[in-house]
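As written, the chains take the letters A, B, C, D, E and F, and residue 1 is the first residue of each chain.
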């Protein structure tokens, strides 16, 4: 059975893989968060799982079940918590989920764990979860953990292709061209191109307010236009991300002892 | 769009559903746990999501993303934590995941949340998570929560059909006839009938030991034979469970105010 | 001094016992919970301490002070939290109490700790507390922990004697014949036979609702009739439980190193 | 039924008491801690429960089950954690136990809760538990909480009688004349007068060291001699404490609304 | 008394200020973290307090005591936790510190709290602390919180002046020109210009590894050269930051009710 | 550079000091708490840092940044939480701050950590933080921790000089002669002698009430008169405290291995 999905393997197949190949295990982390009228709530989890699977296929890795609920959405990167449907967890919960996963994979004998983040707001809680999980696992553990945000594997060359008029930066890339194109590549039936709003790029002050100012964010939840998205752009991005993540995994971990 | 999967809806579609229909939202909770040589690690999450989806289809409900990691496996119900591949969370993590979900769905205006448990060990931590989530939501919340273990919706009549020589009880039904049959119905490609072991019913003393005694559990991880499983039995069970869960949802919540 | 009660020993006597005999230490866990009009709020703690003491007397063990406050009462097993007088703790508190106890007994050099549960709702939080306590104690600890619910030591033969018309099952046995009879045996002055209500067996659906439906539970708090209780039945049950728990302790722990 | 022990009342009797008399509820908090060769490990819990019961009898109050495990013993007040038999809890556990109790008694409609501390090390964690419990109960709660250390109710006049050569102060009064005399009054069979050691008053520097310096504490665990203890002195002290605690309860709470 | 430092005011002066002027209260958050051979460990706390004080002077605000210990240093932004002297806190501690501060300032009647972050790694834990503090304070609170990283108030025009050869971006600006210049402006005696290392810009892969790869970071701890720093540049930066932060405070909060 | 302030050292200077001299590191802990009309809110932190610095100067030690926020003020020792300006933390936060500090200094190779407490209410949470930090650091750590309240280093001889009419005891010494005199010595510009109120000694019952009785405390917040304070008395006290703390540090730690 050649699936990359860990949850489809029996424990004996999994054990055999871990023992013989020492494959990297990829843990996608997403969110359930508004992504405008044209993308589904689960976009971040779907994309992180998809790029993880493509990467795993290239390196003989396995993909663990996605952590589907992410940290609370912030206006500047995800629109904010006031949108109906955005369903988030407190920091302690996300930290605990990752901590426990790290401790468990260490127990299995996994040596290469890759946390594949698809939701900007998750990053620092993943860091804390990994740190505490490794503290639990103790200094003797054989496990190394790589953490990445998948979009950091897009090269400027490709971004220049995707954005012929200039890449506006990752800051406002929520439910915009990158995510929409990748969803068109991976999950075209879940994209409603006809519903892409015209909301121009959001403009934020250099500070944040709490309770969040809901009027800072367009009512659609889109921070930057998704016009110009295409499946072909998504394919280019997805392939580059998977190829470069695969390379990172192959070169980034210490050689097995 | 008529999907039951919440993560495939845009936030606007979700909001429209919540506002107009007040649909029940079903939250499946599973585990990543050994299920013998013939069933995949993700069995509990796959089955709870499948019965949730079938139920949702009957009642116009939605299914939230599965909580895929469950509480630590115990020898008498899941074989125990010593199996490679079993990947579990501490109580605090599972409690927090459910607490946060309850608080968020209450914020959305959801009035009917159904926690669909597919892993025996989860039950009491789900109870605590729901209790704390409702404490957070406050006494004015419109949200009611139903919690269930899906197998409790199988009738004795159907169990008598499925076990012509007598139902041995749920106690040892881990990776045995019920789960195997339902997997044959829902996910036949993930079942390896040829690998079902002969391990007879496990025999446990009326107490538990910690650290767990790994020699209490057959090396295969199977507590009771899965021989006699069939897709047809799975279909019978699945339909009965979905039908009766649907009925429970329709009659069990208080009428909307 | 031949008392079984640890809190009545001086530390030097205790130390002598631990060092020379390595006695099992039994930790009773109860609850403060409504038990109908005829039994006292402290029933679960009183019974778990009594069976622990009887067992300790048979095996040369010691009984640590009872954890008198248990996890939140649920309608189907204890009537629910809405009863005045039921005084419960959150999961984190019960888990912490057991975790700390495990860590401390390990420090004393105790090798056999027996957690004697007398309140159904406690079980899974005891499991987590033991697991975390052993994690704290580290892999080198000499301590083994046994956890049990005392009623699981009643044989079907005895239950058949106690219930000549058939044992209705443990499910509804809250403040019913088993507990009432054992209280008549151990603490007759605290039982008001004249106040046993006629409330027939409660009938619950195969799911739970939160906030709990108080109308599912008879106003008396009794889930199944206690008629037919007697001190003699209590004596039979108590003796069997103590004898079989003693046997379990003698055979269940690993031999001392 | 005129018992003061809450756990011996049925919930209906308890409810009747709470509803009609609004009695003070006293919650004793002790410890399981070495008390020299002549006093039992449970001294703090036994004494706090005894003075609580005597006080309750005077004011028509009820005594809730004792919290029998206290905060970690410190060299200067209890000898320290290195003694075999001393069995303590982390701060979070004690705080949680009290927090939960406060929240539950508030739910019952109790208006007067008295936390009766018998273990010096507990004090500040009781304060935090009460504060958090009242935060949970919310600003509308009718519950007031009194917290006291029972020895603060001994007058200088009585202390002068008990210590004809001058009261050395509470600082070293661990397993010394006050506790020994009160145990002789309340639980004479648990005192071994013949084993009182000659250990003179311990002499501590004005700082503490961690890990604790076990050589600062006499091997017996006694910080100050218990010579001169007597049941009569215990009776005097116990009566004064109960009488003055009763007075404090009667005058210290706000009048019922 | 016209000090901006809250801890130098008596409570009566503070109360008068809060009641009459409703001044913004600025809470600086720093870190104790290696900053190369030429800057002190306390750089982040010193700078966040200094810009907070300059800003407070412009808007009639007060500066609360600095939170001097920050979240764990990461290789790419602060060099990492392996440096001797870097003294950090777990996420839960930093979150709790901010949560408590928010709750307390809300109780005082403060309406404008400004969290002034000077350590990159703190940001997301400040967000969680603010969110939980406002949850505690309840929906009726008058308090609004602004959170900012002070460097986000530097304009591109000024950065162009400071970096005549082009601004390399904030990413590697740890112990580099910006911080060194500002320290030369605010605390010149704590800067050792002669010890600025030649370490060129660090080059990091697009992922992170845990345990962190200490060889990714120059042994000096400097990620980008501080050559070209000057007090004059620091003055320019500091003045711009304070002026623009003042403006943000004056326009960013809702008008008082 | 001969500063005692750790945050003014570069990490290389700090590392050199730790490696070569193994200096004691002093961690002051204060509070932000009302201190009457004549002393500033930051008194406890300012004094603990000042005595720590004087002590460090005598023993070649270093002073880490002050923990400026202390545990919740209590009526009998600090007036209570109802005063505007008193800004306190929950127990968990203070415990965590100290726990993390202990773990970090152990990692640095520090062998002598001195926690210098200047706020009465902090004591027991410091104890817990130290205990948990050492538990984290593990039994092999070279770190020893000393914890002290600085006022315990005043001798009765000096107190007799300072209080010619007799020392009233530390109990009510909040914002009274000791603290006021020491502030006159260390921070004269922050003392308003003209505003010292006439509030006589507060008189408290032998119990505490929660919610706290604000009418137990004089409206000024002063529990005992500060009349008679002088810089000279402050100098005497400060010198004695520093001298004796220095002595304690020099003799109190175990010799280096």
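To be clear about the criterion, a residue touches a chain if its C-beta (ideal position, glycine included) is under 8 Å from a C-beta of that chain, and two chains touch if they have at least 3 such contacts.
Listed by chain with UniProt protein names: A, B, C, D, E, F = Creatinine amidohydrolase.
Since the structure is predicted, the reported quantities are computational estimates derived from the model, not experimental observations.
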Every chain in contact with both subunit B and subunit E is listed here as A
Output for shared partners of subunit E and subunit F reads none
Interface copy of E-F among B-C, D-F or C-D, with over half of contact pairs matching by residue number, is C-D
Max Cα-centre separation from subunit C goes to chain E
By C-beta contact count, A-B versus D-F, the higher one is A-B
Rounded to the nearest Å, the gap separating the Cα centres of subunit A and subunit F is 47
Note: subunit E sits from subunit A at a C-alpha centroid distance in Å of 29
Averaging C-alpha coordinates per chain, one finds the centres of subunit C and subunit E separated by a number of Å equal to 54
Where subunit D touches two or more other chains at once, the residues are 90, 92
Contact graph of the chains (line, ring, star, complete, other): ring
Read round the cycle from subunit A toward subunit E, the chains appear as A, E, F, D, C, B
The answer for subunit C against subunit B in the complex is residues 71-72, 74, 90-92, 95, 121, 123-125, 127-128, 130-132, 134, 144-148, 152-153, 205-211, 244, 248, 252-253
In the complex, subunit C touches subunit D at residues 5-12, 14-15, 18, 32, 34-42, 45-46, 64-69, 81, 83-90, 92-93, 96-97, 99-101, 104-105, 108-109, 190, 192, 195, 221
